[in-house]
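We call the chains A, B, C, D, E, F, G, H, I and J, going by the order they appear; numbering starts again at 1 in every chain.
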Amino acid sequence: MLFHVRMDVNIPRGLPAEEAKAIIAKEKAYSQALQQSGKWRHIWRIAGEYANFSIFDVKDNAELHEVLSGLPLFPFMKIEVKPLLRHPSSIREDDT
Amino acid sequence: MLFHVRMDVNIPRGLPAEEAKAIIAKEKAYSQALQQSGKWRHIWRIAGEYANFSIFDVKDNAELHEVLSGLPLFPFMKIEVKPLLRHPSSIREDDT
Amino acid sequence: MLFHVRMDVNIPRGLPAEEAKAIIAKEKAYSQALQQSGKWRHIWRIAGEYANFSIFDVKDNAELHEVLSGLPLFPFMKIEVKPLLRHPSSIREDDT
Amino acid sequence: MLFHVRMDVNIPRGLPAEEAKAIIAKEKAYSQALQQSGKWRHIWRIAGEYANFSIFDVKDNAELHEVLSGLPLFPFMKIEVKPLLRHPSSIREDDT
Amino acid sequence: MLFHVRMDVNIPRGLPAEEAKAIIAKEKAYSQALQQSGKWRHIWRIAGEYANFSIFDVKDNAELHEVLSGLPLFPFMKIEVKPLLRHPSSIREDDT
Amino acid sequence: MLFHVRMDVNIPRGLPAEEAKAIIAKEKAYSQALQQSGKWRHIWRIAGEYANFSIFDVKDNAELHEVLSGLPLFPFMKIEVKPLLRHPSSIREDDT
Amino acid sequence: MLFHVRMDVNIPRGLPAEEAKAIIAKEKAYSQALQQSGKWRHIWRIAGEYANFSIFDVKDNAELHEVLSGLPLFPFMKIEVKPLLRHPSSIREDDT
Amino acid sequence: MLFHVRMDVNIPRGLPAEEAKAIIAKEKAYSQALQQSGKWRHIWRIAGEYANFSIFDVKDNAELHEVLSGLPLFPFMKIEVKPLLRHPSSIREDDT
Amino acid sequence: MLFHVRMDVNIPRGLPAEEAKAIIAKEKAYSQALQQSGKWRHIWRIAGEYANFSIFDVKDNAELHEVLSGLPLFPFMKIEVKPLLRHPSSIREDDT
Amino acid sequence: MLFHVRMDVNIPRGLPAEEAKAIIAKEKAYSQALQQSGKWRHIWRIAGEYANFSIFDVKDNAELHEVLSGLPLFPFMKIEVKPLLRHPSSIREDDT
C-alpha cells in the first residue's frame, strides 16, 4: 500500500555539530536499508529546501508510522502523510 | 529533469455531462500517451480527493509547462509544481 | 485499517430541491449500509456545521477511496483523510 | 456528551530526558484511568505525527476542560476541540 | 452550558429581494424568541461586517445544533462554535 | 462602548515557577478589579485552551488599550480585538 | 475616535454595467460627503488592487458601522476594521 | 510618494531590560525626527497589540527601505509595506 | 523605480470565447507596448500556472497603478505588488 | 533555465556578532561570483524586509539546489522556488 510523505527537516542550532553529523549518517543508513527492502520506494530532494517527497510501500498504517517514527531525524521533522492508490489513468502496474 | 506536481480537479457544475465525459476521456488518453513516452513517470490518486500527485521527467521548465497547459482538464485544475533532484540518500539510479 | 475522515458538505443553491432531497436520502441509505457492514465505524455531526467526522475500517487505501468516491454527496463535499493506528496508550482492543 | 479533540504534542528539546520520560509515563496512566472510567472513549495515533484524535464523553464543557487541562503533557500540547452530536444517519446507539 | 458562536452571513446575489427580506424577518423573530427563552444570551454585531458574535446557553451540544441549524439564514452562514466554561477569574455568577 | 477580545496566553518555559505564579495572581486581581468596575463585562475560558473570550465596556479605543496593555500577562499574550455594537435583533438593553 | 479600515471591492460580473456605474458614482458622492464632514479622514488606493486603506474619525463603534454599512458598494466589499489610538511616539496632535 | 506600513514588534525575552529600554528610547527619538522632517506622516497604535500602522512620504522605494531598516527596533519587527496612491474619491490634496 | 508584481489570471467560464480571445489579444499588445517603452522590464510565465512574475520600472506608485489597472485582463486578475530596490550585493547597475 | 527564488533571512539572536558579520561577507562574495558567472541573473531587495527576489539561470534543478544550498546564509533562510519559462507576450529574447 502506497503513501506519499513530505518531510521537512529543521535541525536546531543548539545541537552540537558532531551529534548532528552522527544523526544524519544514521538517517542515511536507515533510509537506504528501507529502500533496499522495498518499503521506501522513492525519495527526492525538493530544490532549494531541506525537505523531501517520498513514496512508501508498506503493509498498513501501523507499519508506516513505525517506519517514520523510527527515523533518526524524526524529532526534528515535520511530516505530512497522504494515502495513495492506483490512478485510473495509470499505465504502470506497480503504482498501486 | 524531474518535477513533482499536485493537480486538484474541480469540474464546474454547469458543464454538460456529455462534455465533461468527453474531456475526461481525452484527459486519460493524453495522460497515457505521455506516460508511454516516459515524460509522465508516475500518477497516483490521493485517497478521498479528486486530485493526484504526479512525477514528470521533462527536458526543461518550458516542456513541463507545455505538457501541463495542454491537459484537457487544465482550465478546471489547480496545479502546484515543485522542482526535484536526486536525494543524497537515494539508492535508485533513475530518481535523478 | 482505520482512517479518520472529515467531510464538509456544500450543496449548491442551483440544485433543485427535489434533486437535493433525493441525493440526501440516497446518502443516508449508502451510509447506513456501510455502517451495517462495519466499514463505516462512526459518524458524528459537528455542532453548528454541515459537516461530520467519521471513522472508517477498510482493507486498504483503495477501498477507502472506493467508499468515499461512491458517496452520493461526493461531488458536493470537501474531504480530508488521515490514516490512523492504535495509540500506545489505548486500552480498547478494537481501536487498531 | 461527546467532543472531538485533536492533540499535537511538542516536547521542548530543553526538557531533560528523565523528566520527559516521567511525564510521558504519567500521561499514559492518566489517559488509561480516564479510558477505564468511560470519559475518554477513543484515542488514535495519526500516522507519521506526534498527535492523536480522541473522543471524550463528559458531563459538560467544564468537565472537558478539567480533564484536558489536567493532562501531564498539557503544557506541551496544542489542543483543538469540536463539540459533537448524534449524526442523523448514525445507526450506532451510543454515538450520541 | 455556554457556547461562543461566530456567524458570518453571505446572502447570494441571485436571491430575489423579496425572498431575502422575508428570510431576514423570520431570522429576527427566531432570534428574539430564543433570546426571550434565555437560550440565546447575547448577540452583538461586529463593526463593519455582516457578522455577529453570540453566546448561547443550552442543555447540550445537540440542542445547540438544533438551534443553529434551525436559523432561517443557516444555509447562507458560515458558523464557528467554541465551547465555553466559567473562567477562574470571573466574578459573575452566571457566566458559567 | 463594547469590544470583543480574544486572549491567548503562552507563558515561556524559561519563566521561573515562582515568578509565573506571582504574575498569574496579579492578573487575577487586576481582572477582578476591572470586572468590579464594570469595564470588563465578561470573561469565559475556551474549553481545552489557555485562552479566553472577553467583553469590555470602555470609553474609547485608548481606554481599551490602556486596560489591555496593563495586563500583568500582556507580554505573554496574543490579543485580537473586534469592535462591537448593538445587533438589530438584540432584545437586551445593555448589549450596546 | 479613529479606526483603520481596509476595503476590498469585488463587483460581480453579472452586475449590468449601467448599474455598476451608478453605484460607483453614488459611492464617490457618499465618500466625499463624509470626507467633508471630517468623519472619513483619509482614503488611499493600494497600488495594483481594487482596494483602499481608510482612516475614520467617528463617535463610537455604532457610528462606524452605520457609515460603513451605508456604503453603496457595501454588498460587494470585504471590510476589516482595527481600532486605533494615539501612538506614544506621535508628534501629531490630531492623530488621536 | 506614500507607503502604508504595518509594524509588529516582538522584543525577545532574553534581551536585558536596560538594553530594551535604551532601544525603545532610541526608537522614539528616531521616529520623532522623521516625523518632524515630514517623512513619517502618521503613526497610530493598534488597540490591544504591540503594533502600529504608519504612513510614510518618501522619495522612492530605496529611501523607504533606508528609513525602515534604520529603525532601532528593526531586528525585532515584522514589517509589511503597501505602496499607496491618491484615491480617485479623495478630497484631500496632500493624500497623494 | 522597480516593482515586483505577481499576476494570477482567472477568466470566468461564462465569458464568451470570442470575447476572451479579443481581450487576450489586447492584453498582449498592451504588454508589448509597455515592454517596448521600458516600463515593463520583465515578464515570465510560472510553470504550470496561468500566472506571471513581472518587473516594472515606473516613475512612482501612481504610474504603477495606472499601468496595472489599465490591463485588459485587470478585472480577471489577482495582483500582488512588492516595492523593490537595489540589493547591496547586486553587481548589475540597472537593477536599481 | 530560469527560476524565481524568494529568500527570507532570519539570523538568530544567539549568533555572535563577529560570526554573523563573517557569514554576511561570505554571502556577498558568493553571490557576486555567481552573478559574474551569469548563473544568478538578478537580485533585488524587497523594501522593508530582510528578504530578496532573485532570478537564477542554471542548467537544471540539481544545479539550482547546489547553488542555493551552498549559500553561507542557507541555514538561516526560508527559500521558495518557482520554475519560470518564456512568457508568450515577452519581447525580450533572453527571458527564456
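Criterion: a residue touches a chain if its C-beta (ideal position, glycine included) is under 8 Å from a C-beta of that chain, and two chains touch if they have at least 3 such contacts.
Keep in mind that this is a model prediction, so the values were computed, not measured.
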Chain separated most widely from chain C, comparing mean CA positions: H
Recurring contact interface, reference B-C, options D-E, E-F or H-J [over half identical by residue number]: H-J
Distance from the mean Cα position of chain J to that of chain I, given in whole angstrom: 22
Intercentroid distance (Cα basis), chain H paired with chain C, Å: 51
CA centroid of chain C to CA centroid of chain I, Å: 44
Touching two or more other chains - residue numbers and ranges from chain A: 2-3, 45, 47-48, 61-62, 64-65, 81-86
Interchain pairs in contact, sorted by label: A-B, A-C, A-D, A-J, B-C, B-I, B-J, C-D, C-E, D-E, D-F, E-F, E-G, F-G, F-H, G-H, G-I, H-I, H-J, I-J
Residues on chain C engaged by chain D in the complex (per definition of touch): 2, 4, 27-28, 31-32, 35-36, 42-48, 52-53, 55, 82-92, 95
Contact set on chain F toward chain G in their complex: 1-3, 60-62, 64-65, 81-86, 96
Residues on chain B engaged by chain C in the complex (per definition of touch): 13, 45, 47-49
Chain I-facing residues of chain B, complex: 3, 5, 12, 14, 61-62, 64-65, 68-69, 75, 79-81
